[in-house]
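Next come the structures, one after another.
The following pair of complexes shares a single chain, chain A, combined with chain B in the former and chain C in the latter.
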Partner chain A sequence: MSDKNHQDDDMTDFAMNETSRSSVTSGTGTVLPGQERYVASLDETPLHEVDSMDESAPASNMWTDAWRTLRRNPLFIVAGVLIVFIVFVALFPGVFTHQNPNYCQLEHSLEKGGPGHPFGYDTQGCDVFTRTVYGTRTSLSVGLLTTLLVVIVGTLIGGLAGFFGGWIDAVLSRFTDIFMAIPMLLGAIVVLQMFRTSSSIWKIVLVLTLFGWTQTARIARSSVLETKNLEFNTASTALGSTPLRNLVRHILPNSVASIIVVGTTSLGSYIVSEATLSFLGIGLPSTTVSWGGDISNAQAILRTDPSVLFYPSAALAITVLAFIMMGDAVKDALDPKSRTA
Partner chain B sequence: MGKYLLRRILQMIPVVLGTTLLVYALVFALPGDPVKAMFGDKPINQAVAAQIRAEYNLDKPFIIQYLLFLKNALTLNFGNTFAGQPVIDEIARAFPVTIKLGLMAFVFEALFGVVFGIISGLKKGKWYDAVILIVSLLLISVPTFVTGFLMQYFIGVKWHLLPVTAGNDPGFLDLLMPAMVLGSVSMAYIIRLSRSEISSNISEDYVRTARAKGMTNRSVIVRHVLRNSMIPVITYLGQDLGALMGGAMISETIFNIHGIGFLTYQSILKGESNMVVSIVTLLTLIFVVCNLVVDMLYAVLDPRIRYA
Partner chain C sequence: MSDVANNDIVNNADAPVLPAETEDRLSAMQREQGPILDVKDLKVDFITDDKREVHAVRDVSFNVYPGQWVAIVGESGSGKSTSAMAVLGLLPGTGHVVGGSIKLEGKEISHYSRKQYEQILGEKMGLVPQDPMSNLNPVWRISTQVKEALKANHMDISHEKRSKLAAAIAEAEGDINLKNVDDETFLGSKELPGLLEAAATALDKAGVRDGAAERAMARFKQEGVPGSETRWRVAEELIKAGVGDDEAWRIAKKYVIGSTMDDRIAGLLDEAGLPDAATRARQYPYEFSGGMLQRALIAIGLACRPDLLIADEPTSALDVTVQKKILDHLHTLTDELGTAVLFITHDLGLAAERAQHIVVMYKGQVVESGPSLEVLQHPQHPYTKRLVAAAPSLASQRIISAHERGENAEALMEHHAKGEDTLEKSEHIITVNHLTREFKLPRKKEMFKAVDDVSFSVKRGTTLAIVGESGSGKSTVANMVLKLLEPTSGTVTYEGEDISGFKGAKLLDFRRHVQPVFQNPYGSLDPMYSIYRSIEEPLRIHGIGDAKSRRKRVEELLDLVKMPRSVMQRYPNELSGGQRQRIAVARAMALDPDVIVCDEAVSALDVLVQDQVLRLLNDLQAERGLSYLFITHDLAVVRQIADEVVVMQKGRLVEHATTDEVFDHPQQQYTRDLLDAIPGGKLKLGLD
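After this line comes the complex of A and B, so read on.
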């Protein structure tokens, strides 16, 4: 008890010494004329107004910051409007056309556009406008589902590799290298040969995922590696967090930005890949309305009637463009390094 | 450096083995019996069928088949196709064409990609920057085969500037348009990559320091900004060189070029498993070696990276 008191006394002594010493130094400094330090009075410069902080306002974080940057970016607005429109067309194609995309009459073959059929007809006498509208759903589903699966698989494998390091990292990284070394198109063709009879879009989604997850895994790995060694993790560990809690609460939320960026940007490339596979004749069967299939059918009549090829290609290009622009905007907003530029 | 190289080469071994095993498993899991297909409509002679199966090692368990394939591949003996042709002969016939096409595409994308990327990165906001950016976005969002058709239609058929298709033994002019189509998407990516690298590097502190030292604008750009900006671009180019060989499939199909891509596509459709596995093995090797070369180049370009 007495010991503690003594200690306390010491500390007060020390504190007193400190204050007295500092007051001495400031007191003894002789100020020559013309050397007075000018201190603006608070009335003249209302600093408190500038520095004051609204403490009741919700705390800002990376996501609200990013959202604020995004809202002001014209690229984001254009891409956002386009994507909302594309999603709407994919969900409710019936709003835009009352026809059945598979209802084709040969007597209309290659007829020019007229009222109700603005884009004309293809070789089989199908309405190009209706097929373009209905193709939206296929392409968009393939793009979105593939991106979703790629992000899940890639984050899981890359995240685990980066988080655990050591031999787990070595094994998972070599595993990623193996899949990365197979060209996507080549691998996809080999696998799709096995499922020629299936007509569901899932076969395309799964095949694209099988050869597409490697990029996300690499980015997730390096991002987790980078975040793992940052100070807030050490601090959190010092406060008694388990590694798992660190992973879920700190590492993943901080790594997710780069994964979102690569996901948004590659969404478009999956849509292009689906179209390419349909062009090679091993993608979706002709019963499924898809832009890729329509473009590849229109190829034969390119020299006589290029408009049949034009419309589905344009729809595809606009969709991919919208997602690339969205990816760019999100990247600008989430990556503080590129924000300054 | 020597130690690092050795470690990298040792790391390549499991990757090459894994990739070939994966492709082998995928290809031989393909439905259909190639031996049955050889007989066509004729009744199957069991004795002959068994002999053929033995010849192609089809009677052995999968893993033995794979090991035998590897053993033979080491001596560049890839066996015969089911049609009886030695696989290596077919590859040797198709490969030079694809190498020519791939290198032309590579030079095209590297040259135009970097030049346009630099122009647009240094002159951000000018009208030609906007034009370059829009064209590169369009090239990315339009599928290669559509770009290919359009170029074939306009440049080849309508304006007669370049040959429409390339036949056997194509020359430089025959391959020019296919190479442009093959390299177009990568060129667009390189433009975007170098543009964003340059514009972010130009506001770095070391650039300001260099200017403060009194360096001329020209040498600041060339010796500091460009040198630092080109590192990611070279990574991309290195990975792409390997990918171009595999990606040649579309452009070879459109322009009727009998190269590796065309051969692979035909072999997959015909179920020539031996051919597919052999080609993919070669492509994987090329891809892995390209990546290694890129990593070695890093040390030359960036003095901060030193491999112990």
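After this line comes the complex of A and C, so read on.
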């Protein structure tokens, strides 16, 4: 910088010739009290190089920032612990109970809990604790698989619509609207009627996906639309990149955050839907252990023996709550609007 | 829209020059009344997410006297806006005052509650915010939003309220004889026709005829703005036109009997320089241009006649020509009303031109303050020296004054502009021929010509700047040169070949040689890409080198733009705007291009950072013989970088000459307007 100031002498010369413009300054003579010349000493505010880079600052990017925010969020910690526990139960139910959930003896019907059977027995004489433990697996698989499929289908359709625009967007968006107009539960009931005999959880997963992908598609579309017009895509094009490469390398990675948010938040609702369908008797057959089915079976004796209904309901509520809390925490951390640039 | 057309009433350059004695009286009065705003050792802290305290403002002191313009100058993050917001009690987020005092008219207000602040905001202190686009509610008419300000402060809409200072000056000068309170009643729109008629008759009776009478009537029509013109002024105008004293007052008393809310709103908007205010007031914000929105905000800020107006970068988002008009107008208006202005800006030239007193802030502290010209001519703190050296407006001013004094200005310039001879001999690397681009506008049949028959050529190793206001079509030209947009007609040739036919490998080769640097440093880098990946991307697309050689190239490029190599692992969100722009330059340089198209590449940056990036571009040109097509709205920057200038207005090329030629002998009025709008143009500067 010093080379810029080599003409200090000129400056003083010039000031002598200066004809002060009355409206701009009143000159030194009429300076008002408190507005005298003031120069801070250099020691107080050391001058840094222009726009210097602080190399000591910890590295950060979207994911590390999000992780840092998450780590401090009590909601995330509670939800995280619960989810880890729920996943563990689903993977290793044998650790918690040694019984077969389908081994029922009528002689134990509605017996109160005792050692080894803390939650007691249901009407059929099945161990409620064991069934609740094994029910975790069904609910969780339906939730996770549906979310996965919904994200894939939704991103594909929404992403293509947003990226290509024009008539492709018009067709795909109307297609999305049509599916959105069908109430998920109603549609699921109608479709599942046809597959009453199947005991595979896949029929539930596919039906929920069929009627659930629309929300993700919409989010993906708007997210792609927004990212598509950002300057770094133009910059890439000017570097010689093709549109398709831009979609894969720039647009989709930048849209992934909002899709993750919508995915985690809706996971809980798929679990609820599965339970609802099983409760209605058109979901999984009674041979497959599921909380919804158990709740349905227990509703008849709700007045006489509410505990049979209580345990699977509580398990369902806690699982759904955990995923919804996780969704909220992830949303706080990843939502582009709450993040500062 | 019609920012160009209005201002015929007040277009008297910048500060209205007061006669010397008035000024003495003014400063005596200021001395007597004491500062209207006195800030002492102000400290403001913010609390971060992890509960750390950040000292945004540290021991800041300054004061503002009635009727004075005081400017706070500093780069972004220097704490200038935070200080102003602390005064207004409008600190955002976790910001809070932790020490020092803020005195408004001698009363301590730093401890005020929100309720107490509501009492003084609007009435005692007004704000003109930075971004006109986001500070008006889009679902309400402009008039509703002005009305809100008047209602919230229970303003008497039928009487003029003047600041103490204005009243005191008027009284001291003795040229206004106010007989009673009602003399400050506003003229209403209902009575206006009657008044004009009576005035015409009175003139006729008084023997004022023909030309003189017509002129007087024309002035009445222009000045007689309902909701802004007062009784005593009407009387005075009549007397000046030749009507007898008693008759003049009789007419004034009969026809000036107070205004309605709508009149007052229109009057306020008219005062702020909005043409056809009564009609405009019924419109919605989206129907206004940026300049008009800013005028509406000025009207709102001044609606309750505050004694202090805080203007937070009021014109930073606007074109320079609009900026000049708005500030000129604001200056005249605040001088008339006796309003003190605390003006916040990052442009030292602008600050010195507008304010009597300058406060320079850096990293939350005041590093220098004093009378503006003195600070500008004898900057003492190294930071102020830097600012003075870097401000483009001042730099081009230095060159002009050197020219005027017959000195060799070459030494002052970073960029040594090539003369006409050199330019003529140079090879044309990019030629634009009769380029036209039309766009289809929604709901309109005819096509909109964004670019209309533009021809020029960029010579190898030189810089051609395209200058124009927003909407002049300059960016559209850039996009067509980059082949990101196809022209409707006309051609762009690169090294003699028409680029419209480029496809496949040929296009890739063209892309390799012509690279862009875009305006928005926050948008042009992919936030998901590390700096390394961003700079490496062009190499990857063109399949150049292996992982190892690419890494080496990225390191070289970072050295080239003077960024530390460690930055490779970081992400764009960790970098400042200027640093990102340097990374964007590094990315553009990765393929060793011949031509770089800079689309407003430095417009979003602080002056110091802007200066740094411009130097970098100049150095690169000198070292590598690059050619630049430099798009900007700021003529001051042009002087620092360009050899040739093309001036565009509404899609057409209006002037094309060498930089010196354009600065010394502008041919078109439009170019002269642009030159005039460079802040600090009228300042006498030392060659420091």
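FYI, the second predicted complex is superposed on the first by the 278 of 341 C-alpha atoms of A that agree within 3 Å, B and C clash if a C-alpha of one lies under 4 Å from a C-alpha of the other, contacts with A are read in each partner's own complex, and residues count from 1 in each chain.
One rule holds for everything that comes next: a contact is a pair of C-beta atoms (placed from the backbone, for glycine too) under 8 Å apart; a residue touches a chain by one contact, two chains touch by 3 or more.
As the structure is a prediction and not an experimental result, all values here were calculated from the model.
K.L.:
When the two structures are overlaid on chain A, which partner does A:Gln299 contact: first (chain B), second (chain C), both, or neither?
P.N.:
Touch partner of A:Gln299: chain B, not chain C.
K.L.:
Is A:Ile260 contacted by the first partner chain B, the second partner chain C, both or neither?
P.N.:
The answer is neither, since A:Ile260 touches no partner chain.
K.L.:
Considering only touches as defined above, state whether A:Val190 meets chain B (first), chain C (second), both or neither.
P.N.:
In the superposed model, A:Val190 contacts chain B only, not chain C.
K.L.:
Going by the touch definition up top, name the partner, chain B or chain C, that contacts more of chain A.
P.N.:
C
K.L.:
A:Gly240 in the overlay: touching chain B, chain C, both, or neither? Say first, second, both or neither.
P.N.:
After superposing on A, A:Gly240 lies in contact with chain C but is clear of chain B.
K.L.:
Touching A:Leu206, do we find chain B (first), chain C (second), both, or neither?
P.N.:
Neither partner.
K.L.:
Determine, under the contact definition given at the top, whether A:Leu230 touches first (chain B), second (chain C), both, or neither.
P.N.:
The second partner, chain C, only.
K.L.:
Taking the superposition on A as described, I'd like to know which of chain B and chain C A:Gly268 touches: first, second, both or neither.
P.N.:
first
K.L.:
Which partner does A:Leu148 reach: the first (chain B), the second (chain C), both, or neither?
P.N.:
neither
K.L.:
Of all the chain A residues, which ones make contact with chain B and with chain C?
P.N.:
After superposing on chain A, chain A residues 341 contact both chain B and chain C.
K.L.:
Where on chain A does chain B make contact in their complex?
P.N.:
Spelled out, the residues of chain A in touch with chain B are 174-175, 177-179, 181-183, 185-187, 189-191, 193-194, 268, 272, 275-276, 279-280, 292, 295-296, 299, 302-303, 306, 309, 313, 316-321, 324-325, 337-338, 340-341.
K.L.:
Enumerate the contact residues on chain A facing chain C in the complex.
P.N.:
Per the touch definition, chain A meets chain C at residues 1, 4-5, 7-8, 10-12, 14-15, 18-28, 30-40, 42, 44-45, 47, 50-51, 53, 55, 57, 59-62, 65, 69, 72, 230-232, 234-241, 245, 250, 253-254, 341.
K.L.:
Using the touch rule from the top, collect the residues of chain B that touch chain A in their complex.
P.N.:
Listed in rising order, the residues of chain B that touch chain A are 11, 14-16, 18-19, 22-23, 26-27, 29-31, 137-138, 140-146, 149, 153, 157, 196, 199-200, 203, 243, 246-247, 249-250, 253, 264-265, 268-269, 271, 276, 280, 283-284, 287-288.
K.L.:
Can you tell me which positions in chain C touch chain A when the two form their complex?
P.N.:
So the residues of chain C touching chain A come out as 14-18, 20, 23-24, 27, 30-31, 35, 38, 49-50, 63, 65, 68, 352-353, 356-357, 362-363, 365-375, 377-378, 380-383, 385-386, 389, 482, 484, 507-508, 511-512, 514-516, 518-520, 522-528, 530, 537-538, 541-542, 563-564, 566-567, 569-571, 573-576, 578-579, 584, 587, 591, 608-609, 611-612, 682-684, 686-688.
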